[in-house]
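Some notes on the structure that comes next.
Chain nomenclature is as follows: A, B, C, D and E, assigned in order of appearance, with residue numbering initiated at 1 for each chain independently.
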């Protein structure tokens, strides 16, 4: 059965989703979802072990060999993404119960968990697939479920946020589809590896260049890379807390993964980094995005919105790592995906707890919560430190790697830029800390610590950021291998 | 060659699309959208894509129209005159169109039997569907078997849509919490 | 429309025909244009037509939402279940060849099953979506 | 003449862009969704036209070995894409209905204004 | 685990466990304060045990951290000196703090003592950090754990001060220190502390000069102008914080870091060849004089002491950068002697605030009669900071002075002389006012000495200033051992 894992990794949550609807009972659906996410995590861990021991695994869906059938390829790059997705889900689903009970109408619970599993399925499929059209299908599974899930937020602005995301997201997906069509037209294949070999002699073709451009823009809309980020802040702010947490930990990163996969695996590092002005474009975009998004975050009055803007800046940091264009930078970018998933997951979990206990996440409501909800507040602060990139946290390791990559290329201004801009992060984290601990709370403020079922996943995430800050060997190994794989050099 | 028919159909589609943009009576727009789908379906037939034509007609002209009318029934039938300047969208659209048009200049000629897509992958489906799958409709064979996994995804998408619509519309209408004053 | 006798009679005659046509498209998709998806749409359309003419309540009595919701999931489960079954029988996921003794027979069986799954999901989702939209009253 | 073989692709591009324009320039939510449908339908047209072979037949196998079939793969892809499109449309319309209930309007400008002053 | 490993681990484990217990024991103040005292004593004992380890040898690997850059603790003479100093004074400060916090009825005392313990744990990491990355990690931790202590009162003023504090310390350390550290790693391929340094032969003189500047200004805790603003800002904190952290642990962590970098990253021989030294000498010279002048004009007692600290820190940096073994040993010695002098002064300032509610120098007239013990200790502390016998300050300044002359450097002696005059100028008037001017009419009548724990503490450290004068070997033996590279 071990050999079947690549398919089961995606199919198990895919089938659990309709099962939730069939079960109808919210509690049963929740139990099923939790079990599914843990099973998915277990599978991802086993796959990681296999990949680390024996290299990439190929799996032919339906037994049809590529390029005729759809192929799954699991290697050190996407196993990292699979870990991120299933790990986040495994921590968030147990956590979700109280928050969902508070925010979602009871008769919708089973459907809500079904939608959650569908988002997860879509993301896992995007990560696992080795077929560019199949990627489109899974993008849409996760997207459509996401649109509906975002709209379930209590504020009416959740609806408009979801609608805007639907429009922009569909434009992105359609652009991607156009790009795939162009590539298909000149090669006749949809399999990533096959596409790579058949596209090699055609790289100067106008069709291929434009195809690459459309794929990139389409996926960048999903990544929410500046200036295509407009949908994200409202979507993260108004979506149900659990959905925000899961999306923030995974969604944009998986989209970025897809972009990197297509760019490097199909077009090749030489084409992307040398033939096209990719480095300059990425550095310019990412640099602007980091400054704009971090500065905007400083002035936000709501914790979730602040964190949403921060996500934009962090994703831009990942892109910056890619833009440095060497193996070290790419490895740093992948590590940062991993560490940021842990960090943002923890931060939005804490925000979800505050939403539950305080009825909202505006900084004003958070005032004085440090005393009344000490565990949640402490977790928020610790995860905030990881966001800044303080040593001993996972983000420090990833930022360190990215800065070293810049120095390796002799780009010390870029190195300095990354360091200086992390101070902007410090500025908004300090604002949150001040609200929690150093401002008086309202007289009638409710005072209850979160239930244990929410605290342990939250602290698990926090512990994760510190564990991987102290011992980064496993993610480091995966990221270094994956970077070598993408750049086409032997690890 | 169906050149004349092609040109006539495409010209009609263009006219319908422009009318969709310009008209503000949304019932008319819905009908035009439905006509656009029917014209597209006709094109699909000309292009030998019978299954696609069938589906486009059923979905585009049928289901979509019913859904839109149902939605409009709940929301009202006219659009307000646009207030905003259309300058930026026009710019984006023209730029996108030009880039896309540029990219299409290196495509194989329309109908060219020696185009790469007719020489790679697809021939295997045409040759082997008979012996391997044993059914005459190659589209079904590819859809359900060779790329059956895509179709599982497609079915999941449909399920997701049903789920999403139910999530959004089935609950009793609750009064939404007023927006938090602080945020 | 409830008081239009002609429409009612026509519909009464039409709905079974449409249903029949839908079933034909479902089972005959292997040989000609059409398949589970198209069949599902047609089946759904038949119910929608019925609902439009005889009223939503009648349609809901004929196919209650309580049945439709699980049905929409069961279609996916059938499709995915065929994949699991082929894994159980030693093949890769969705490898229909192992489902029956003979490879080609297995393929045919698999395709028939998954098309049935598609049809069930599509038909039930079409009806669900229609009922959800029309069941929502215009805001007072 | 290769240019003539390209022109019809350009026509598809023009159609796509008309739909794209309705999507991004128009303020009414339903109108946007109609634009989206037109945009996508035109992309489908482009895909299907790629699969056409001169003198081809639909890919339903017949016993005559000299038959030329059009390429079935784009058809399969587009069948999936059409389904995805209608799924998106359904969810989008449901959202539009809910927005209308919550805001009393479906004009993007008015909604933006209401959110800004909220 | 071997003996050294156990005691190295204890230096972190004791204060961390203390912090945890303190956080959990918030409802029982006596229990909480007992734990504070117990951890302080335990920590000092652990550091004493480290000094007793044969050959001062031993390492403890904490975590793999980054490939090639693990977190390591290591016994090393300079670290022993700093560790002993900080942990020893923690005992005294805890006694003092218990008195202070209770007498002033401060809120959030549990958070206060927990963060205090965390700050000490960080200080121990800085002291015993076995390579530069470990040192950096704990250096950052020290900034973060002391931030809640600075912002303790939660007033708008305290929040503003906290932002300045964190902004300057973390800002400089990330933008400059970390940058220099990464650069060092990039050129040297290691961050280990090695006698003789790791940079020699790995980088051009220009790069080394840039690195030196990045380090000197990046280590913001050394408070070389213009990065000194955080220190006066930190004075909004309660007095025990100012005393232990902003006269000893935090500021000394800065100069200690620079000392370690000079000795083990650059190596004194390489350092002596760098042109950028002149810029640092100029900046520190300027800091000494400018800060002294500001202190002269500052009426708020704690802020006056803070500016005095700014100027004294620059002596240490300057003596380090002179890069002669003897001057560097003097730098190490001054690190200790100034700690004793300045902590005494801050203890006194806190006692004055507690007993008389006075914060300004101009309000202290006649206080000597009311609080003779406190003001007597203040006088002794002042002598130590100015550098007059019979206090340890005299010895350490003298060592720096001689070391600089021996190295043929005359800038330091001149600045040292001027600075000494200025420091007399801002400290002696305080004593003069207290003992020789009549009290203002608005009564000191009800004023008595501060509570006993506070008095015990400040007398103890004042006595320390004299004791170290009588046992000069205690001041210089460990720094000399480090610089001569025994082992």
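Points to keep in mind about this one:
What we mean here is this: a contact is a pair of C-beta atoms (placed from the backbone, for glycine too) under 8 Å apart; a residue touches a chain by one contact, two chains touch by 3 or more.
Quantities reported herein were computed from a predicted structural model and do not represent experimental measurements.
Any chain that touches subunit B and also touches subunit C is listed here: A, D.
Ranked by distance of CA centroids from subunit E, the top chain is C. If each chain is reduced to the centroid of its CA atoms, subunit D and subunit E end up 69 Å from each other. Centroid to centroid, with C-alpha atoms defining each point, subunit B and subunit D lie 3 Å apart.
Here the spacing of subunit B and subunit E, counted between their Cα centres, is 71 Å. Each chain gets one centre point, the mean of its Cα atoms, and the points for subunit A and subunit B are 29 Å apart. Chain contacts: subunit D has residues 16, 20, 24, 50, 58, 60, 74, 77, 79-80, 83-84, 87-88, 90-91, 93-98, 100-102, 115, 118 touching two or more partner chains.
Of all residues in subunit C, those touching 2 or more other chains are 31-33, 37, 69, 72-73, 75-76, 80, 83, 93-94, 96, 129, 132-133, 136, 139, listed in ascending order. Counting only pairs that meet the touch rule, the chains in contact are A-B, A-C, A-D, A-E, B-C, B-D, C-D. Looking at the complex, you find that subunit A touches subunit E at residues 371, 385, 388-392, 397, 400, 403-404, 407-408, 412, 415-416, 419-420, 422-423, 426-427, 430, 434, 437-440, 470-473, 476.
Chain contact summary for the complex, subunit A toward subunit D: residues 133, 136-137, 140, 144, 147-148, 151, 156-157, 159-160, 162-163, 166-167, 170-171, 174, 177-178, 181, 184-185. For subunit B in complex with subunit D, the touching residues are 6, 10, 13-14, 17-18, 20-21, 26, 29-30, 33, 36-37, 40, 43-44, 47-52, 55-56, 59-60, 63-64, 67-68, 70-72, 74-76, 79-80, 82-84, 86, 89-90, 92-94, 96-97, 100-101, 104-105, 107-113, 115, 117-118, 121-122, 125-126, 129-130, 136-139, 142-143, 147, 150-151, 153-154, 157-158, 160-162, 164-165, 168-169, 173, 176, 179.
Contacts from subunit A toward subunit C in the complex involve residues 1, 4, 7-8, 11, 14-15, 17-22, 24, 59-63, 114. Put simply, subunit E touches subunit A in their complex at residues 62-67, 71, 108, 111, 133, 136-137, 140-141, 144, 148, 151, 154, 158-159, 162-163, 166-167, 170-171, 174-175, 178-179, 182-183, 185-186.
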